[in-house]
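Comments concern the structure below.
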């Protein structure tokens, strides 16, 4: 019997419990997971404060604690040409046969390429979102409760909240 | 005490026992290893037949069998500007504090950036080389004995030898 | 006597009767027409749903029906450097000696390069515009009457309205 | 019954009777032809003297004289990533369902994407080749007999032989 | 004793007395100045009307009149990857050991690379800003008093106000 | 009377007395000189060991000693599209009205754009060449006598000969 390898992509700015709830759900249905770190080339901006390398670290540490099947964490740069994006993602990822995404563009692009896509619900989307977490970081509110402790650890080691303040031009 | 994370980069076209001997040696000196898949954008050419995704699969499966410490496998595209390469590699890899390389350019670029580099000896370099393995694939000679069985498995599943023949214009 | 070849550029997302009215007007004044498909690299987005190839098809079929002189349909990618755009357009188009455009940037760039530009009026610009057509597609209103039947045919064959819905995140 | 649209790609530096013999053969088997002008971004070099625009002109004029079915002439820039090339070519060309090529890489890439490829024989390949024609241009030998008269016309109008001399550093 | 070379970057769209006040201040503290012309690839747009070459001319002429120490004027293209920007700027500029900037992103990026940054106050920032000057150019108000006469000269020679009108689509 | 500004481009890997002889000759015929540092993005390779910034320094210091008219030193990255190169060079350089070059491609490209080019003789080309100087650096022979002392100074400060050895894989 062939192995089922599922693909899930996000920007993970930062990784949070919303991602975790989706990935745990996927983990019940596949043998292995490929996590794509989207917009890998972006960092040090208000919407994309963390580098791809920092995000690889967050995701890897978080998945080591929450899922027990094999996984791959792959930085994927934007390619600025939607019509080529599926080929791009497939060429730098281990081969996968199922795709999980709620992003309408990702869903459409995979469907046009002949790959069916499963759109999982994300848990409490209004709180568990990168936008909300970055907002709280800038406002000095609690954000740690929205991410796994190992992710908070990576952010603190890289002085991430201070970086977000600086690149947002706030103080 | 801070963790030591070592960085090792190769093109892995394909991964072979020469790489394994170096990585086992590194594994004795660090806590975690980051493996960079160099020239990640190249594939389907005589010198670079395999995609980054296929190489991620080879390296991951091989390391699962040969080392017991945590590792990260990161595709790294060429950037065509040597003076920026170190920043590029650092931005998409988890942070590392030791670099292992025998490539004179990699050594020089890291040294100019202030990072010391350790140049390990590679075991039987004349046989255990991607060039020799690709030559044997085209000549119909034994190449399987130069790579771990899991790597031969990935190559066979992706019809790799036939692809190499095709893109080399040989028959 | 030398042949007069006119150049006209648009994004054609999609091609509509406004374009047709301009092109018919140009056709009265030149011997041959070069149609540039602008922003050729864009597709699958709310403002640029169609690929360059689909737009080549729309324009070619439409011009076969509406003009009787020779024409060339050339996809032109954006170059992100305005100062180079005229050279870029000239290098991938058959040589032309007259330019028709109402786009202020295109007009300025050609003028600085020493080429005079003719700015034709577009017929009923408020209705015959890509923006209005894409709005109607999303709203489920009549858009077919704004484009030639062969263009509606191309859009329907490529499931274009559904694609626009999907990439717009609407339903 | 669905239309059969065939795709044929070449660099056409310049277009010659060898291309014509292949295209006439294809024309017997399809309803429409898409001609891709490969390496469209290259010009003014010893192996690629002509711009994409000049090559569009050569191919268009030559096909107007030699085939009677509809055709599209599409400049296609190199994308430097073989794994994405098929998606790239498909996104800027009208949709096609048959591919004709003798280039081993093109054949392989389309096959991996699930498209069958037909490899036509080229007539007297040793003479009817761009390499031979450019050699003759530099040597001052007869090259005109290897290309259709309309192609020789385009080359002469653009002072092509002198350009080839200049960029080859010969005199 | 080693020479102190200071680095200061701006877009200079156009160069104005605000820049001059900062540069005069820097000139008191260093031996040589490197002026980076940021976003060098941009021109002919409402926010970036002038080419890099025109800005080199403005800055060079202005500094010849206002400072008496050696200076270098270096066009620096954007690199679209913040994590690589410092390496990029350092690779095309003469080596510098002090950085002057009030841009929060530039400050942060240099600090993460281990370079301290001095943030000088800009004189009357609300008036002496490129945004205000371009607004006045479009409104037909006095802008000449905000820039050195040699800068106004460069702008007039290149028909700069007319260009700004044209690319802004105003009249 | 309008100012005559001459343009001269080289890679300057490194700057040597052959360049100086040409530039002194140009200086007799123009009011100002623009020096383009070609292939600005290349460094740390056997044929292009020095960064653009290091080359700006070499050229600036050398010209300060050998010519007495105003000059501009402009790094110019390759653009990989010959047909756009003249527009590219013009957009990042101060406007120039005379071009000096012996490079056949540069001569041809400027001529096609309508700019006449003057091809100066270079003094003792077989010795005064970057190729010869880099060969001598690797062979441990005298190279200092072929370059102005200030250039040798820049090379020594950046540990240039050692870098060339390292990136050449020699020892």
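Which chain is which? They are A, B, C, D, E and F, in the order written, and residues in each are numbered from 1.
We take it that a contact is a pair of C-beta atoms (placed from the backbone, for glycine too) under 8 Å apart; a residue touches a chain by one contact, two chains touch by 3 or more.
Remember, predicted model here, so these are calculated numbers, not experimental data.
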Chains in contact with subunit D and with subunit E: which ones? A, B, C, F
Identified repeat of the D-F interface (over half of residue pairs identical), from C-F, B-D or A-B: B-D
Higher number of C-beta pairs in contact (E-F or A-E) found for E-F
Computed over C-alpha atoms, the centroid farthest from that of subunit F is that of chain A
If you average the Cα atoms of subunit C and of subunit D to get two centres, how far apart are those centres in Å? 25
Approximate Å spacing (C-alpha centroids) for the pair subunit A, subunit C: 37
When the centre of a chain is set as the mean of its C-alpha atoms, what distance in Å lies between subunit B and subunit C? 47
Expected list for subunit F, residues touching two or more other chains, is 43, 51, 81, 83, 90-91
Quick check of your reading of the touch definition: is the inter-chain graph here a line, ring, star, complete or other? other
Every touching pair of chains is listed here as A-B, A-C, A-D, A-E, B-D, B-E, B-F, C-D, C-E, C-F, D-F, E-F
Quick check: in the complex, which residue numbers of subunit A touch subunit E? 41-45, 51, 163, 166-169
Note: in the complex, subunit C contacts subunit D through residues 40, 43, 51-54, 56-57, 60, 72-75, 77, 90-95, 158
Within their complex, state which residues of subunit E touch subunit A. 80-83, 104-105, 107-109, 112
Hey, which residues of subunit A end up touching subunit D in the complex? 79, 81, 83-84, 86-88, 90-91
